[in-house]
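You will see chain A twice below: alongside chain B first, and alongside chain C after that.
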Partner chain A sequence: MTTETYQAPDSVSGLQTKGIGTAVLGLLLTGAGFAMAGLDRFYEAYLVAYVFWVGVSLGSLALLMVHHLSGGAWGVVIRRPLEAATRTLPLMAVLFLPIVAGMGHLYHWTHADAVAADPIMQAKEAYLNAPFFLARQVFYFACWIVMATLLNRWSAEQDRTGDPALAVKMARLSGGGLLVFGLTVTFAAVDWTMSVNPHWFSTIWGMLYMVGQGLSALAFVIAVLVMLSTVPPLDRVVNASHLHDLGKLLFAFLMLWAYLSFSQFIIIYSANLAEEIPHYLVRSAGGWQWVGWSLVLLHFALPYGLLLARDTKRNFNRLRVIAMWVVVIRLLDYYWHVAPEFHTTGLSVTLVDVALPIALGGIFVAVFAAQLKGRPLLPLQDPGLAKALTHHTH
Partner chain B sequence: MAQQGHMQAGSTAVLDEPVLGPGQNYETITESVAQIPLSSRTPLGWVFGFLIGLGGLMMLQMAIGWLLLRGVGIWGNNVPVGWAFDIINFVWWIGIGHAGTLISAILLLFKQQWRMSISRFAEAMTIFAVACAALFPLLHTGRPWLAAYWLFPYPNTMGLWPQFRSPLIWDVFAVSTYATVSVVFWIVGLIPDLATMRDRAVSKVKKHVFGVLALGWRGSARHWHRYEVATLILAGLSTPLVLSVHTVVSFDFAVSVLPGWHATIFPPYFVAGAIYSGFAMVLTLAIPIRAAYGLEHLITMKHIDNMAKVMLATALIVGYGYVMEAFFAWYSAAPYERYMMFNRMTGPYGWTYWLLIFVNIGLVQLLWLRSVRYNTKLLFVLSLIFNVGMWLERFVIIVTSLHRDFLPSSWDMYYPTRWDFMMFFGTIGLFLTLFFLFIRFVPMIAMFEVRTLLPEAKVHVDHGPTGGH
Partner chain C sequence: MHVHEEKTGLYGLMAEFDQAQPLVDAAVAVMGAGYSKVEAYSPFPIEELNDIIHRKRTILPKLVLGAGLTGMASGFALQYGTSVLAYPLNVGGRPLATWTAWVVPSYELTILFAALTAAVGMIALNGLPQPYHPVFNVERFDRASSDKFFLVVEAADPRFQKDETTRLLEGLGAKGVYDVAE
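Showing the complex of A and B:
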């Protein structure tokens, strides 16, 4: 096969430096924002920023497992960025601690007096209570980190030995792993964002998070891949056909996200039930409606319209711009899930809402880049590598 | 274990596994498919199967005749269960159709070569399933001959319009679009093969009939070019239909306020269930057909294996849906939601719920085992059971939610009558009749597509410097 080692170019170190710089800037801004707005706003913004960035790690884990099951050139070329993103999960577990510290600010159901006065919260107390909440978080992160660690370890071993049994092992883990992923992400989504309003519920919420995370992760790794494809060694590897496949996948994820979001809306809107409709009543007034319309236009219609064209998907720069746009606009979706619950009277944005996603993003990207450069940029002994290198579609 | 290691000696080795049996060429493929409709000898097994289907069709005619004479009162539907077999069977049949569309449209766009040998009869299955499905809502209106102005918005002198906010009217549009696109897609896909049949037919009548149906296809480069464009456009049109039709069907329930029906998970979970049951039906049909007509070299074990994997994946989504329904019924803390789930599990219809869980969450896990996916006899039996499971799912959703709703004083039981069963089994008869006619008179595998899988059909082009090697 090939003797190429696909070492990461200097631009990855550059990305790491940029990440650190962004993190410092973000933290400074966060400090200023915190001084201006106080602790409540800090935790609210932190929850949104955290759920957004952990979504990139988790989505990467899911896409990686899908690739191990399905194979295909699209997955071979992004496998290393995906793996690097999953290796940020231990960091993400640490970054969850501020949410633990802020539980009292974020979750109404942690207050015994509030629960005592509210029969609905009492009825859910077996699930929504602090010890069980914390135990669940430990369990989720344990599941995710174990799966990510095993897949990364076997992947490194595959680079060294090329043992065909490893591909089988990874595929096996991924089959059951996706099942575990689906259930853990669902309950994590209930814990993190749905329980911000302990009265509200929607059975599609977990799926919305799985697809949203897949979308964030895919857009993120596409942006990374295009960056890598401009310089050696990947400039000779990544071609328009790879991007075309990834662009189609991005397009499919966008549609799936829109489909699930719209399904939730139309069902709750039509039934107009007292238990559910407050979710959209709050979000249809006080300026929040503009966030909603922005999601329709900027999160769906705009990237959808652009990605329809075959030329866009095969054009490196255009696809990168769209992918980066999707990463950014994903934040607005999480903001829409969380922030209106805290500001039911109307839209309210402060500096921390912007600063914290930047700060966490800087940290995430720096650690991601450090992980990415530690290994060859392509899985050297992936059984599909040779085919991926000569991949062509029309 | 050794066997499994061999199977997955590398994930791409599995993907590259040929989708055709060994020793095939243009002639053997064409001959093995084309001789089935062209042969003047009708196999005894076909006659036997066709007669069973025809018997069912006769029963259906009787059931419909009596229904039109006496009205829908002959069914078991009554307050509070005003919707029962009619909608259960409608959803069941519509769901089955989805596998055909997934195979012919989505797998085409994803360039999955294994779709080629099964697409033709899966599409036929779709059309026949939609025909069976459409009967139920139409007959449930009581006076189907008046349904035109109940269902379709046409400017009439009575100033009557359907209720556009009702998902039932969305259903009319969704299903009629689905039926139209499926039929057009199927017929367009048949044209090159009909021309082959015309050219191979010996009898004058057959030559003439196939000739008319082939619409003057001569296989010129221009014909092929237009054919390719048309297929791609039709695949693009069909792809959203795979999601939209069953989504709209799920809206029939989900946009209501009834506990057990109103759940936001319904659209994706219904779509997954539809594909699951559809693939079960494709296997139910493919396994006996490939054995009876000796088509194992075209519908290989790889096809069977892939279909079983799709079934497993979609069944897991369906199982996820059941878990979500149960968890959120509790988490909602709404007494009606909680009672609905409690009643579903422990009420008078509890056995149907647990049977459904046993099949769709329990039994289906067998498909993780390669030895099960490669055992066609077992898989055939399982595919029948899965379809029963999916029928039960609709029964559970519809009947257990309706029979005990908000007002305990109007709670009641629902029991189907013999006419309900005759209608249901009658549509199976209709389906079998149509399907047996299809395999006798139409080439059931897309010969021209399968031929492109042969190594000699591959064209190697040098892509030049832009290719990026």
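Showing the complex of A and C:
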């Protein structure tokens, strides 16, 4: 056990190649879609695609910090995939630039004449203005990248030296880090998607994003872990008990997502206030209601019903399929948040709405795989490793 | 063989072991020999034992699912009965059957029914409360909560034959094999 180095198998390089191929395909489709639909549609689709994929990176950062605080076999086996996903954050900061370029297309509050004619936007101008918006984005990414870099650096050092003080250091950073994460993601969610409609507000929005990101990240690393568990070196390590724990966590995140989404709906629906209800009025007509029903059935009821059974959570292939389904269906949730605001008269989908998530996904997966294969697949000196290797539950 | 076996006053046979591993090995051997009414006792939990001697899955999850669905249906029925049938009040112009608002109480009842069924069902399916159990008729059994490991084969087991079963247990390294009076 002490000499095992847990080098990444060839399938990780294969994943990287697939990612690059997918990115090329996605970019070609995006080009075609852009030619068809124009710049406005491009930026709308880009915002959705970006929020969708940055959710995997940020959710991974949060889960990694939760694991550093709580410990547990579930976290030991996914720690390296989580760390690799957090190392995509510098890439995600670069990929934010198109949103900066498209601010005029995405955010009504960037137009001085529109603000001058609208008392509500004037009242929010101290927060919703371009320079402050940009400064906040720099601050968010600085926080996230610094936390991810420190956790990754100390983790590599732990592999080399086995110094027990490093586990304590990572736990300490994670305690404060989760607070910073909660605040920054809440504000980022307000900036990125809530301010698309500067009149509307929901105080649960930030929580919805944190939980959505955790769900995305967990589903993504479960899919990766099952892929890794079919070949050496992890085939001897990952067992049904690990999957069972991760499946239970996925189930919990799924329920929390549904709980928060429904809470927002039931509160706004019951109060029926003029400043809140338009959000759901737009989404209950013109074809948007089918997107809402699809979320209830495909994002909640279907994976929930399947994950309810113990056997599903302990079955590698079934859990992998459900996890991949959850990763994909998350896109519909972000689409539901953003797209109806631009198309209040009715459902409207174009090629870029599908092409951009594929393109960004290809880029994300390629960089993720490149990061994943650079380090051992298990934290070699984690204090909980020996226990995680013999993990057994009912 | 003994389809109409008469009551012998014998509950079963109890084999005593010094350590956990011989108990696990014996459990595997006894189950392998075709016995089914077998129970093991140890001073601390031995996780793999459960998979060895309790091959039949509990029906508790199905009961809990059924109870949860019943709770959900009751929740909706209760609110339909009060809001639509018994007291049809116009609240802010909303339809009487505002089922979206009923989700919350229905959800609570789902959890209530399911949780109570899980807790009570677990106790009931374990046969608790049980003020009398024959294994305590063996004096040595007191040691099961300190330092000894026991395997009991019930006389009700279709494969049970006193002499043969005794020989089997002795052959598995039992430190002693005792009759358990009913």
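In this text, the second predicted complex is superposed on the first by the 393 of 394 C-alpha atoms of A that agree within 3 Å, B and C clash if a C-alpha of one lies under 4 Å from a C-alpha of the other, contacts with A are read in each partner's own complex, and residues count from 1 in each chain.
Just so it is clear, a residue touches a chain if its C-beta (ideal position, glycine included) is under 8 Å from a C-beta of that chain, and two chains touch if they have at least 3 such contacts.
Being a predicted model, the structure only gives us computed values, none of them experimental.
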Sharing chain A, do chain B and chain C clash or fit in the superposition? clash
Touching A:A32 in the superposition: chain B (first), chain C (second), both, neither? neither
Report for A:S270: first if it touches chain B alone, second if chain C alone, otherwise both or neither. both
Have a look and say if chain B or chain C is in touch with more residues of chain A. B
I'd like to know which partner A:G384 touches here: chain B for first, chain C for second, both or neither. first
Between chain B and chain C, whom does A:H392 touch in the aligned arrangement: first, second, both, or neither? both
After lining up the shared chain so the two structures overlap, which partner does A:R310 touch, if you call chain B first and chain C second: first, second, both or neither? second
Candidates 91-99, 127-135 or 145-153 of chain C: the single one with C-alpha clashes against chain B: 127-135
Which residues of chain A are in contact with chain B in one complex and with chain C in the other? 266, 270, 272, 392
What does chain B use to touch chain A in their complex? 4-5, 8-15, 111, 165, 243, 247, 251, 254-257, 262-268, 316, 320, 323-325, 328, 331-334, 368, 463, 466-469
Residue numbers of chain A touching chain B in their complex, please. 68-72, 119-120, 123-124, 127, 164-165, 167-168, 171, 175, 179, 182-183, 186, 190, 201-207, 236-240, 259-260, 263-264, 266-268, 270-273, 275, 383-384, 387, 389-390, 392-393
Which residues, counting only chain A, touch chain C once they are in their complex? 262, 265-266, 269-270, 272, 308-310, 392, 394
Write out the stretch or stretches of chain C touching chain A in their complex. 47-48, 50, 61, 65, 92, 100-101, 103-104
